[in-house]
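Quick notes on the structure that follows.
As written, the chains take the letters A, B, C and D, and residue 1 is the first residue of each chain.
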Amino acid sequence: MSEIADITCREDCRYMLDVPTRWNDNDMLGHVNNVMYYSYFEAIVVRFLMKEGGLHWTDDQVAPLAVETLCKFRRPLSYPDIVEAGLRVAKLGTSSVTYAIGLFTEGAESPAALGHFVHVFVDKQSDRPAPIPDSIREMFKRYS
Amino acid sequence: MSEIADITCREDCRYMLDVPTRWNDNDMLGHVNNVMYYSYFEAIVVRFLMKEGGLHWTDDQVAPLAVETLCKFRRPLSYPDIVEAGLRVAKLGTSSVTYAIGLFTEGAESPAALGHFVHVFVDKQSDRPAPIPDSIREMFKRYS
Amino acid sequence: MSEIADITCREDCRYMLDVPTRWNDNDMLGHVNNVMYYSYFEAIVVRFLMKEGGLHWTDDQVAPLAVETLCKFRRPLSYPDIVEAGLRVAKLGTSSVTYAIGLFTEGAESPAALGHFVHVFVDKQSDRPAPIPDSIREMFKRYS
Amino acid sequence: MSEIADITCREDCRYMLDVPTRWNDNDMLGHVNNVMYYSYFEAIVVRFLMKEGGLHWTDDQVAPLAVETLCKFRRPLSYPDIVEAGLRVAKLGTSSVTYAIGLFTEGAESPAALGHFVHVFVDKQSDRPAPIPDSIREMFKRYS
């Protein structure tokens, strides 16, 4: 998936969300555990879909399913940082969408961590990929 | 709730479960974070209800709801400990049940942490307390 | 510990903190998992000690250790709620302090969950209880 | 990093570890939350380094740091699955090592999820990449 344009600075982002770290996000080494970075990825993706796309996880007939995530860790995050998560829609297919994501510490221009998150929209009844609903597709275009 | 008999040693337990700790259960201070102790409490209570009581969280009409939990921390737990969790049914009402719980490290006779967990059985439709189903009530008596 | 005055409304609180829920705080039943309530308890207690008490977890010679926590669950919390956590210092001993804690949903006057959290201050070298440092003790009094 | 050979079946693994799921690993949709897959990745990598490599996170002068992780989600995992995690050393550099990882459900031949985890060994004092210690390098070779 080499064609995904990374988030390299704040200007690359189209949507941002503050994610407060929690004390127990830190591990024994005194930094945010690498697993938790994906919790911050999820925080911005879920919020983006609900607030901007009007997504209803339980009611909608077609729902997004995570199929791939990746994170490159550049500099540590630590509680009590407020992480500024940013994303842009980096690829848009018939049923799938890829968000490029960056996690920034306050005032930093380059991300402490960056990566991507791929969603495939699936029909809940058939469990098969389904076209992204039109309203969400249009929204994705605005954030790409 | 002073009348609950604490778990003070392994002999007080009627049901036991090994719960492996995870690396990121430890916090910055090098020990299992106090929040995670309740995850171990939940591990044994949920397993007990499913395996011994045949509980189905999503299908059953009447489901248990946590209404109170308490933990006293005596000695630290740390990854990679395998925690031995033990419980006994300490109080049994019409709709509610209280489990006394202890968490032991390998070979230790007294618990590293102890406490209780109170469930109220609720009718999912009416959202009101409901009698504990007979088969589960009988099971609770065997472990009290 | 019957003498602890519960948090029954917002006016009982002396310190408050907004704690945003996370998507994966919710469990299979669609509500915040009961374990996570203690993460919100920890969030306000840790912030309170650091911001108001100037506590340094790793540098200070005397550090607080959780010895008991309790939570009563009254009404469910659910992502994407912003939980308003409130506390007051309910008991103050030589080495120990008890915080009464309440968790509120937006606009609610009575807490969705309430309980307490007991810290004992311990000398890191000897691992024995130590008097609460004077500056922190004075701070505790202001929030009781 | 296209040159990493994926784990496509159990025979591709050189080291395996059972990882029990926890109730609150499941999210609102009734499956293990995608973030938690990385907790299972971490479980096997950490255990592998400690048991097979004799690594001491806090004492050793040179310590591994996660620099990239990736996961492809093929089929859902759900509590109470016991996840069988498998890894092989897929790439070995001077200071860095890449583990290919697969997560299997009981009896399944192909992984429910697969990906990789990249560690760079770092000198704790200088915070600069350092050669992988000889004993660990030899161990890595045996598992490649």
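By definition in this document, a contact is a pair of C-beta atoms (placed from the backbone, for glycine too) under 8 Å apart; a residue touches a chain by one contact, two chains touch by 3 or more.
As the structure is a prediction and not an experimental result, all values here were calculated from the model.
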item: Chain pair with the higher count of C-beta pairs in contact (B-D, A-D); value: A-D
item: Most distant chain from chain B by Cα centroid; value: A
item: Distance from the mean Cα position of chain D to that of chain B, given in whole angstrom; value: 31
item: Geometric centre distance via CA averages, chain B-chain A, whole Å; value: 35
item: Inter-centroid spacing, chain D versus chain A (mean Cα positions, whole Å); value: 22
item: Two or more partner chains touched - positions in chain C; value: 23-24, 28, 30, 33, 35-36, 39, 42, 58
item: Chain A-touching residues of chain B, taken from the complex the two chains share; value: 23-24, 26-28, 30, 33, 35-36, 79
item: Chain D partner contacts - residues on chain A that touch it in the complex; value: 2, 28-29, 33-36, 38-39, 42, 57-58, 63, 65-73
item: In the complex with chain C, residue positions of chain A that touch it; value: 19-20, 22-24, 30, 39, 42-43, 46-47, 50, 58, 80
